[in-house]
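All chains are identified by letter, namely A, B, C and D, in their written order; residue positions are counted from 1 within each chain.
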Amino acid sequence: MTDALRKAPLALPLLAVALVLAVTTNSFLTVGNLENVLVAAAIVAIPGLAMTFCLAMGEFDLSIGSTVSLAGVVCCSSIIDGMPALLAMALALVVGAVIGLANGLVVTKLGVTPFIATLATLVIVRGLSLAYTDGHDQIVSSAALKYLVGGRPLGVPMPILLAVLCTALAWWTVNRTRFGRWVCAVGSNREAARVSGLPVDRIRIAVYMLVGVAGGFWGLLISSQLQKGNGQLGMGFELDAITVVVLGGTALLGGRASVIGTLLGAVLIETIRNGLNLLNTPPAFQRISVGLLLIAALALLGLRRRTVKAAPVPVTVREAAA
Amino acid sequence: MGTDDDQTAVLLQVDRLTVEFPGVRALDDVHFDVRPGEVHALVGENGAGKSTLLKVLGGLHRPSAGEIRLSGSTYRPRRPADALHAGIAVIYQEFNLYPDLTVAENVFSGREPYHPLTRGIDYAQINRRAAELFEVLGVSIDPTATVGTLTVSEQQLVEIAKALSVDGRIIVMDEPTAALSADEVTRLLDVVRRLRSEGRSVVYVSHRLDEVFAVADRVTVLRDGRHVRTAEITATDQEELVRLMVGRDISSVFHREEVQEGALVLELDGVSAGRQLRGISLKVRAGEIVGIGGVAGAGQPELSQVIFGALAVSAGAMTMDGRAYKPKSPADAMAAGVGFLHEDRKAAGILPDLSVRDNLTISVLHRVRAAATRLLSPAAQTAVFADYRKRLAIRTTGPDQLIGQLSGGNQQKVLFGRALAPGGRLLILNEPTRGVDIGAKVEIHHLINEVTADGTAVLMISSDLPELLGVSDRVYVLAAGEIVGHLEGQDRTEENVIACATTGRRIFSEVSAA
Amino acid sequence: GCSDSNKTGSDAPKDDKVVVGFSVYDMQYEFFQKMEAGTKAAVLAKGWEYKLHDEKSDENEMVTGAQALIDQGVDVLIISPFKPSALGPIIAKAKAKNVPVIVDDIGGGGAPYDAIVISDNAGGGKLAAEFMAKQIAANGKTSKNVASITCEPSAVYAARRNAGFKEAIEGLGFKVVAELSGNSKAEEGYKVMKDILAKNPDVAGVFSCNDPMGVAAANAVKDAGKNPVTDIVTVGFNADPEALTAIKAGGLAATVAQDPTAMGALTVKLAEQALAKTAITFGNAAEREVFNPVKLVNKENVDSVK
Amino acid sequence: MSTTTETSTPVEPPRQPGQDRAPMARPSLGRLWDTWGVTAILLILLALTPLFAPDFMELENLQSVLRESAYLGIVAAGMTFAIASGAFDLSVGGQLALVSVVTLMAYSAGGTAAAIGAAVATGLACGLVNAGLITRLRVPPFVATLGTLFVFRGVAYILTQDGPKTLPYDQIDSPFVKIGGLNVAGLPLPFVIMLAVYGAAWIILRRTATGRRILSYGSSPAAARFCGISENRIRVIVFALVGVSVGIAALTYITRVWTADGSAQDGFELKVIAAVVLGGTSLKGGKGTLIGTFSAVLLVSVLNDVLVSQGVPSAYQRIVLGCVLIVALTIDGLRTRFAVPGSFRRAVAGLAARPSASGGA
């Protein structure tokens, strides 16, 4: 029990919130609503998983919200121009990959701090997206695109299925592959990674590309829901993605990745949001509640940590030697 | 391959190597060579350029001039991976470990084997192989432990295991024993000999000349970034090496001034801290140097941190000058007049982004302020800096140099100066001479002696047995978090310390119990 | 070349040619692009000079840029304010330099502007309510529950739309069972609609304070397997192209159209009157408001809207 | 075969302890760049501006640029402390909204003095709330301030449920309104306040024990702890400084735009953090430069002003601004890469000697 909690500490706050909602509303526990929550959570969890790698590597990618927009715009306008939908969707992912590659190259080859590099990309890509659309919606009606969120293979909504698959894949990658370990290694001590002969630059570029592709995919999901692309979409999404990762327990300073945590973080955030809507909370109070719940969830973890671990780094906390 | 004997006898040849940093020429026209199957020691004062040379070999620094040949062909590593591919494994003086990853993951980083069936990293294999490496080194470190929770000496052993796990032709070790206990040193030297017998070469850097004479075939002396001499070990002796290193004779005899029994400063009565310390009782008097010995991991850093308020007491009581002493934080302890030197220079010692001057004065900021404005006075700070630079022979380009740019030993001197600066009732020194050169070591011992003359009590933790016994007036021995020995007078012998620390014997001198 | 319409050196003699400065809310929205086009065309048609400043949805940029236009010596300022309540310092500066100020849309924030051209937002909300009630009846639904999706709480003009809708629909015997904010964004409008459907599956209609949210809500309705015209009457506001497209395709029941191009032209007419110091006929003299009518657009008349 | 090689260097006379072989007092170019790099870029930009934007140098325009950048600059000064200590405060946008709303309420209740007091007190209170969450509840600064960003904005929204708080137009001659509009010896008062804030901040960071402790903590929290520096005190001081800076900034902000509600300055936090990092303060903590922050704030403002005055559409403004950010930090990145003497020469030589072998890796 305690071990399970240690591995997935968000489970507790999540259960608490769910319990409160189950009692205070009569619609929270309906199948339709739970599906709602899980689909919404899945849509932010998928890019969140990619962002988990970035944070585990000790870096940020702030540009993902703009990638969402540009990818959606490229996909939709290509469909409008007559490109087959699947190809247009692939093109959107390529756009994401290129943005990620640009981030990676600027960060590794030009030595620009990730925070500024990706902030600059955020601004530039948003500019591209707005310049390209000039404020016009790129409206499409594409069954293939719609299938991304609307499809129900095996009766399960597509985003949920994808999120579960991605989580499994991410978990395996983080914990069982060289790439995953190297990402954590770079995040834990970049200099040591270099000295150990790890291809640090290539690892970093790969992670930025991963986030880029995930951003592109996020853009497809949003465009799938809205059946349009637009330069205004995805604003502020970078914070959403980073929030679910941090909430999930992946350290901001890097070195550790909590894949399951990210998934739970996404579910927690979306449960809170959904709950506040079910309770008809006015917008001003919604903000406060989201803020307070964020703090409360982490405070709960913080207090627990404090009782467990009396002294911080680098005092040796270990079983007494035999 | 060439037929010339002299050519084939050299595996690695360094010629006219020069390395520059802003403001410093760390290596100046240095030559150095390594033969197959030899142990080649590299010695020199702190800042002489030893680590710099090794970093060039490892692909961390690019020389501004010079040439290196490996097995006769040009060797110009552009990055550490190149060195590894060329079969050169380096153990750097400052660890390069991932604190968040496990021991085994650290050891095999970059070379993780995949399991043939699951196609995932074969953890069973790396854990087993790591355990085997530690077995060779004669230590028990859990391969699945997170490295950030290890002691400094355990981390050093992980670094060594990492280098051994690479099948290198040349294994380069930069002060591998600085953090090891006597026992572990013996084992490491055995390992070095075994590597040699396997035909591998070892470049060995150490400030402990007895190790050099115990294991090396040849020795090279660097001074001020220049090559001074390379000699067969049999063709030289300790005195000569010291003279070549420092350019003068050094008497390594430590003379402890007689101190008179002072008042009781610190008393611990049955102090426990979690599972790390159990029922510790000890006393430290004014003007006294009390040593703490024991194998690594017996609870020494925990004991010092409990007294310094960095670790919570779970049972028992402390008194200082007869009054209850319950520091809640190091800040509390410092306010009570306690100074502290941490054993982990890199992780908990240096403030890497700050200058040498700032590192020296950070604990005495109230003393370097203008009285009227309470603003820091750069002049007063520089005065403190100049004083310690002189007393400790700190080699730096000036007060504004970042401490991270100093050689390891010089960083240690700065940290020692920092601990000394506040003065006061009690000085807690963890491994005060770790990594410092022979001359500075003597100097530091003198300084410890000097502060006790002012009535300051010193608690010194050292894994260097000669230092522990030579410098302290009394010695407590720790084992598994308990005090298992208290050695005074005649009883202060290496045999007794080792017996208490490792065999479970308990020896308590009766000379002056309380 | 830098002698385009953007540039009027302050070296140009003041009385030579009338210079109109227009500070626009945000050129990234089609609505304001049309407003800008209408304004510019009217200015140039008079043979006047035109200067544009984009507030980029930022009150700091709005104040700085509008004041800069005044500093550059415009003869009249037309402004579509991102934050109406930040008009004070702009008008203070304009007054000091004797520059009349005509506000276009959004709101006047209580400052002493010369005139404001305003869409009848509350009236638009009322039109939406009346249409919704009729359509619900036509759909044969008996449920008296409806919902509304609002913009961010700070958008005063949008709040008026909602207030107008709410008053009218409640007057028609309906109940607004959910009133949630989608912060003007399509993404959020979609999610909010899903939550509304989960809690109140029986809503018969939903009103959104702008079209991005309205069309997104309609998409959410469709994704829930219902029809946004015949099951849950979904109404937006603005007549953005995406709304018109959706209405034609049966993917949205209706929207409320404003005419930003005409509003732009109207502000120029008022500017001319203000410069000539001739009296302006106000729709609401107390607030110096000149109304620009709104109209409801649905399947029947959508083809007549450009 | 000789067994011993001896270098020609004879054994030298003993070295004085502490004497170095290459004592170099002159500050390295790299160190200078750390502090003055962005300033240099700013100066170059200023020198070039008249070429393509002749109107820029007009007094009224210069005043406008300085006036409008003050509030961001002042908060950036506070944020420099937070970032130098290794944390950042994401809640400044919420703080600015809340402080502005409360200040306007205080003004209508008690006039200028009440407003000024309320601004600083509310800012401080916000900072202390953040510090409390971080030190008492052990919430990491990122999450704590992300949470309070929502909370502060939310409270501001609640306080403005019947519409934004606004300075009534008839108060146009009140001394309070003058804060935003007045010029002192040709300098806009907000900018004068900003200069004073930077002066005070510089003294705190560079000349007080507190400043040194903040940098130490940022450089290595573990080492700082063993120097007797209390983590909690650092957190409280740093977040209080940010809060107070927002309080002061709000005064210059509110008296320029006259209005506030929960939505004021959406996205403010990223702009502030970007300015600080662009200035050369390291996000990893331990390094802080107020001169850099100051110059970065002006750099962004000047650039924005030039782009706006040249009629560049906002979408393209973004593209240019983003590229400038990258270029500015590229220069910095290259500097660190080529800090070692001769490394640049070698890199160039290496490029020349490597005609086509760069494709593979």
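Points worth noting:
Everything below uses one rule, namely that a residue touches a chain if its C-beta (ideal position, glycine included) is under 8 Å from a C-beta of that chain, and two chains touch if they have at least 3 such contacts.
Protein identities per chain, from UniProt: B = ABC-type sugar transport system ATPase subunit; D = Ribose transport system permease protein.
These numbers were taken from a predicted model, which means no experiment stands behind them.
Most remote chain with respect to chain B, judged by CA-atom centres, is C. Legend note: the chain whose CA centroid lies nearest the centroid of all displayed protein CA atoms is D.
Remark: among chain pairs A-C and B-D, B-D carries the greater number of C-beta contacts.
Centre-to-centre spacing of chain A and chain C amounts to 34 Å, using the average Cα coordinate of each chain. One finds 71 Å separating the Cα centroids of chain B and chain C. In whole angstrom, the spacing between the mean C-alpha positions of chain B and chain D is 39.
Per-chain Cα centroids separate chain A from chain B by 43 Å. For chain B, residues that reach two or more other chains under the stated contact definition are 310, 347-348. Chain C has residues 27-28, 152-153 in contact with two or more other chains. In chain A, the residues that reach two or more other chains under the touch definition are 130, 134, 231, 283-284, 286, 313-314. Here, these are the chain pairs in contact: A-B, A-C, A-D, B-D, C-D.
Residues 1, 3-7, 9, 11-15, 17-18, 20-25, 27-28, 30-31, 203, 206-209, 212-213, 215-216, 218-220, 222-230, 282, 285-287, 339-343, 346 of chain D are the ones that touch chain B when the two sit in their complex. Of all residues in chain A, those touching chain C in their complex are 25, 27, 30, 32-33, 36, 40, 130, 134-137, 139, 141, 149-150, 222, 225-228, 230-235, 273-274, 277-278, 280, 282-284, 286. Residues 4, 6-7, 9-10, 26-28, 52-54, 56, 58-65, 67-68, 71-72, 83, 85-86, 88-89, 91-92, 109-112, 152-154, 156 of chain C are the ones that touch chain D when the two sit in their complex. Against chain D, in their complex, chain B makes its touches with residues 5-6, 20-25, 31, 62, 64, 223-232, 235, 243-244, 246-248, 308, 310, 329-331, 333-335, 340, 342, 347-354, 358, 362-363, 365-366, 369, 374-376, 389-398, 400, 418.
Put simply, chain D touches chain A in their complex at residues 133, 137-140, 142-144, 146-151, 153-155, 157-158, 161, 221-222, 225, 262, 267, 270, 273-274, 277-278, 282-283, 313-319, 321-323, 325-326, 329-330, 332-334, 336-337.
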